[in-house]
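One structure is given here, and the rest of the page talks about it.
Chain nomenclature is as follows: A, B, C and D, assigned in order of appearance, with residue numbering initiated at 1 for each chain independently.
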Amino acid sequence: MDELKSFIERDAFAGLLGVEVLDHGDGHARARMEIKAHHLNSAGGLHGGAIFSLADVAFSVAANSRGTLALAINANVAYFKAVNSGALIAEAREVVVNRKLATYLIDVRDEAGGLIAQVQGTVYRKTTGTA
Amino acid sequence: MDELKSFIERDAFAGLLGVEVLDHGDGHARARMEIKAHHLNSAGGLHGGAIFSLADVAFSVAANSRGTLALAINANVAYFKAVNSGALIAEAREVVVNRKLATYLIDVRDEAGGLIAQVQGTVYRKTTGTA
Amino acid sequence: MDELKSFIERDAFAGLLGVEVLDHGDGHARARMEIKAHHLNSAGGLHGGAIFSLADVAFSVAANSRGTLALAINANVAYFKAVNSGALIAEAREVVVNRKLATYLIDVRDEAGGLIAQVQGTVYRKTTGTA
Amino acid sequence: MDELKSFIERDAFAGLLGVEVLDHGDGHARARMEIKAHHLNSAGGLHGGAIFSLADVAFSVAANSRGTLALAINANVAYFKAVNSGALIAEAREVVVNRKLATYLIDVRDEAGGLIAQVQGTVYRKTTGTA
């Protein structure tokens, strides 16, 4: 658990974006990002890359909660609604865990609980050691 | 063309990440990002969100080169190789353009031309007016 | 409801594959396929195309339960486990419905409830009329 | 090569659908399907599952042309155009091949060369032996 805490603190890109990990457990994590002007795209909405990145942080923490380094190999994002203010929360949950591969679903919601985007992502674990 | 130039300059998130649009044409765009410490993930590699965001900028410019506001509705990213230094270039090209929907492929390569990731993305155009 | 029943009966490809729609409701459907020798691939497992097609039938019925013709524009399938006998059940549920676009998740399970594959799919509705 | 030929002939599901492998080489394959009444969906168009399955056959042959059993773990399909007659050709080409994972793009075209759908798919190789 302390290792996962240290793992989370070392995520420099999450720091650049202001993504905060709220909580995490076995195969589960939640992350939050307050929308700032520097997250916006050319049309004045939250950038697709920022939405994806928020989801990716929750995905990474959930996938690495199992104690073995997990690398994303695929992620499919569906965007549902434009948003330009407030905060978003991404919640990652495990769909299936196999020995080498595992798949996660990450829901991104606004403060009212409205679904903004959903990511279906798969990771690959190179080693089978335990951290 | 001037409108597209202004469109590109208004992308605040591209500015935060240091993504630069190199060139663009009809249904085509290239963007570049130099990897900095603040782009890295907990494992010391370039963050999946940063790779996706670089691709997303090229995708957005290519999709909006047609003069009508295009919003991403889906994007699938496949990651091929970890990378932690140097610069990456994302190149977006049109696969199919229909009246309301259009699909793009975006290749992300390192400076030696090695493929790092590939995004297949689809946009939706709300209006049929010309910008 | 009778229109949806007739819609289901007109699915010739579901007939070719032996896919049976078990039940359906607003934004929801379940379909079943018994694995036969003609569904197998070169490695002797159930063909990826057959798994996808079973999911696609449930996806289509769920998306068309709303009374407006919905066409799939994107679907991402993650495969979890090879299978070569017994029956599979695909269950489709709505994630988000917007005016023109809607997204569904379809879980494909074996008879013991084990997850075999999951599809995240998006449809587009051309008209806004009601059937 | 003879092993791949035998591999292709053992694909029972391709036989059920009438999918014929036209040619194949290292990391490449083309397959053809003539649209018949039993391939259609409830709306009278070619079923999404049939389009995907045609692409999947080309994908599988291309991925297995390397001599090691490759299993699909993810595939994203974008549909561009409804079609209900004539023949379709799916062409699979390699995007990236790593030791364990490889990604392919499969274009599905009608007889006039119009793009009907595109699949981006990833396989996993369990062993590193050569067939």
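The rule is short, and it goes like this: a residue touches a chain if its C-beta (ideal position, glycine included) is under 8 Å from a C-beta of that chain, and two chains touch if they have at least 3 such contacts.
Fair warning: this is a prediction, and the values are worked out from it, not measured in the lab.
Asks: Farthest from chain C by Cα centre, which chain is it? Let me know.
Replies: Computed centres place B farthest from chain C.
Asks: Comparing the two chain pairs, does A-C have more C-beta contacts than A-B, or is it the other way round?
Replies: A-B
Asks: Chain A to chain B: how many Å between their CA centres?
Replies: For chain A versus chain B, the centre distance works out to 20 Å.
Asks: I'd like to verify one number: the distance from the centre of chain B to the centre of chain C, where each centre is the average of its C-alpha atoms, in whole angstrom.
Replies: 32
Asks: Provide the C-alpha centroid distance between chain A and chain C, rounded to the nearest whole angstrom.
Replies: Going by mean C-alpha positions, chain A sits 28 Å from chain C.
Asks: So which stretches of chain D touch two or more other chains?
Replies: Residues 73-74, 76, 78, 101, 122.
Asks: In their complex, what parts of chain A are in touch with chain D?
Replies: Interface residues on chain A, with respect to chain D: 73-74, 76, 100-101, 122, 124.
Asks: List the residues on chain C that touch chain D in their complex, please.
Replies: The touching residues are 7-8, 10-17, 37-44, 47-50, 52-54, 56-57, 60, 64, 69, 71-79, 82.
Asks: Which residues of chain D touch chain B in the complex?
Replies: The touching residues are 74, 76, 78, 80-81, 95-96, 98, 101, 103, 105, 115, 118, 120, 122.
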